């Protein structure tokens, strides 16, 4: 079946605010690791990039000049079939680092291939969200709209998330056991993403008609 | 102090999808009852109106004609100092019944008093949200924006909410005990709303300058 | 090519607040008519249902009992390959009638086929939005998130919209000429939706693994 | 009247992605300048800070250590009675730089004064938004919710914005004349903000009751 094809590649962007050297583990990293493991059972290889380790300059072009780390990340993104935008929730919203990455993809709106399609076309996007207590639906709404405007296709149930009870403060990284509902949602999401990426591979959207 | 004035009145709109005859209790009603009790300690009288019991016709005027129950509710709303929009969360969003009430208030945009201010000016609005697992921040974002566009003033921390763990199915109406965080949030919200409504009472925003 | 297959069917839900008997034309209807014409060039047949003409009871099940018109609409929806949710913008948000339809689809979350997939799986959804001056991105964000949670797949650039300048009051139905940007966006959306629906037809997502 | 008091101070944060050295003018700066002029007619002094000129480190505390420019901006913010969050629209959403500033204010949630109130209490917040074509309502929704959670009070009609026609590309900085609707909205917003800040000055919200 198409979703077990070995040639699919996924790129996960971890938009945590924390550097790798932080004393506290990244809950987003934990969720992305679970997604990566789920993808690997479907023969999809996932690379995780922690954005806070890179100098992504503000702007809306693909290269903002000297010192800008975005061009290399963009290269990985366009080499992948599946994008996973992983973000923590702050104030019920996605992180400024996730927002920065989306802004840099704004350049896709003007970057067309030979058939008048955005360079991002044919790729599938999913979202991974973790927070203490609320906000996953708002984060996925904002991310879905931005990613879809940017040319990505969203498979059914394109989000995996965890939040705790209202106004609580437990972190996903603190959980001793992963709730079964989360595991099931991850497996459904990766299954759907791999299936759809398989279908689009070699069957990209048609360009503008020339006749 | 102004917030203990006995003359403040609050109107709570319960936008649950359930009729009063439903076998299952309304979680939104439970939250609004707690808010009402908190307000009464500040000498604010609260009336709760369950919108599903009324025939609120679609439209964006203050009276959509025969059979429309909105004009009577609008009357209560304009007689109150504080509005509480109470809504359940479905699909991470506010209910269609909450949305209907907001649409009917759209008429305020064209209804000015003698000084060129919307008839809603001088009133304070707050939001009460309950769901199983996520969505309170999105609901308050959508509600705050709509209510603020409609002329209402939002006191600090103008929302009280409860949601459970991600993908859970416990209802607020099922909780044996109200979490302290919820009680504290309710008390803070009512305290702030009553204080601000007290300040605005008799000190409404200035109209357009005539000079 | 798959997107010219004659067997694809689209269902457009017009969530205008206006009844068909309204003196003023529905801008949403105009946009949906353009989308329907664009689809017909791709051999996709579109049926438009004006929801305000139907009695859709509040609730989150597929049948809310006597007098409920939703079951018949749901039937059409499940018989179609492509759903178009058409809505006007009020207060920068989607209409209460659009919200009502989404709430009724909430039932899909518990309605599984023989392989553990929501009954909506394999269908593509798009969004059509019209307003005077602002709000299309928020409407598509809310709609995308709800529709994706409900099992629909979103093709690249899954929204067609029109709004005028900030705080303006021109209606889409008043425009003498359709702006080229709108026509292009419609054609791109229908092309993408038909292509993706073609790919998913006969290649639905895999169900839960049985081994 | 209170809103003409000379002692009110406003701080405007310009969250444009552009540095001051950019060849193209900042539309956000233009809108903030108009707001500043409107405030000065009410004897409110406004300082505009262009955030892109400062090194605001990622994080959710008030001081993220060496090289962090946030502490100085935070100081200005707490010295002001009114905050104006000015942001451009990218992808229908607020900028990553606006998001960064909000994240840094997340620290307010744990910073209480002697009476158990967030240090931000008693301050009024407003929002200024500019984009080419759509998104102002979504930006104000996200900003209102974040700012209100952070302890700010929102006066009636707390947003001034401009966007052009759908999918257009005119910038606010290119307009030869400011539309009257924008001027009126600015004047209404500054009038309301100054009035409410005047009322709250010396009448801050009550703290937690001690009895």
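Residue numbering begins at 1 within each chain, and the chains themselves are lettered A, B, C and D in the order written.
Throughout what follows, a residue touches a chain if its C-beta (ideal position, glycine included) is under 8 Å from a C-beta of that chain, and two chains touch if they have at least 3 such contacts.
Note that the structure is predicted; figures quoted are calculated from it, not measured.
Asks: Using C-alpha centres only, name the chain that sits farthest from chain A.
Replies: Result for max centroid distance from chain A is chain B.
Asks: In terms of C-beta pairs in contact, which of B-C and B-D ranks higher?
Replies: When B-D is set beside B-C, the one with more contacts is B-D.
Asks: Take the average of all CA coordinates in chain A, do the same for chain B, and state the distance between these two points in whole angstrom.
Replies: 36
Asks: Can you work out the whole-Å distance between the CA centroids of chain B and chain C?
Replies: A distance of 30 Å separates the two centres.
Asks: State, to the nearest whole Å, the distance from the C-alpha centre of chain B to the C-alpha centre of chain D.
Replies: The answer is 25 Å.
Asks: Residues of chain D that contact two or more other chains, please.
Replies: Correct list: 91-93, 137, 141-142, 145, 149.
Asks: Contact residues on chain D for chain C in the complex?
Replies: Those in contact with chain C are residues 91-93, 133-138, 141, 161-168, 179, 181-182, 185.
Asks: Where on chain C is chain B touching in the complex?
Replies: Against chain B, chain C makes touches at 17, 52, 58-60, 90-97, 99-100, 102-103, 106, 142, 145-146, 149-150.
Asks: Okay, in this complex, where on chain B does chain D touch?
Replies: Touching chain D from chain B are residues 1-3, 118, 120-121, 137, 140-142, 144-145, 148-149, 151-159, 187-188, 191-192, 195-196, 199-200, 203, 205-206, 208.
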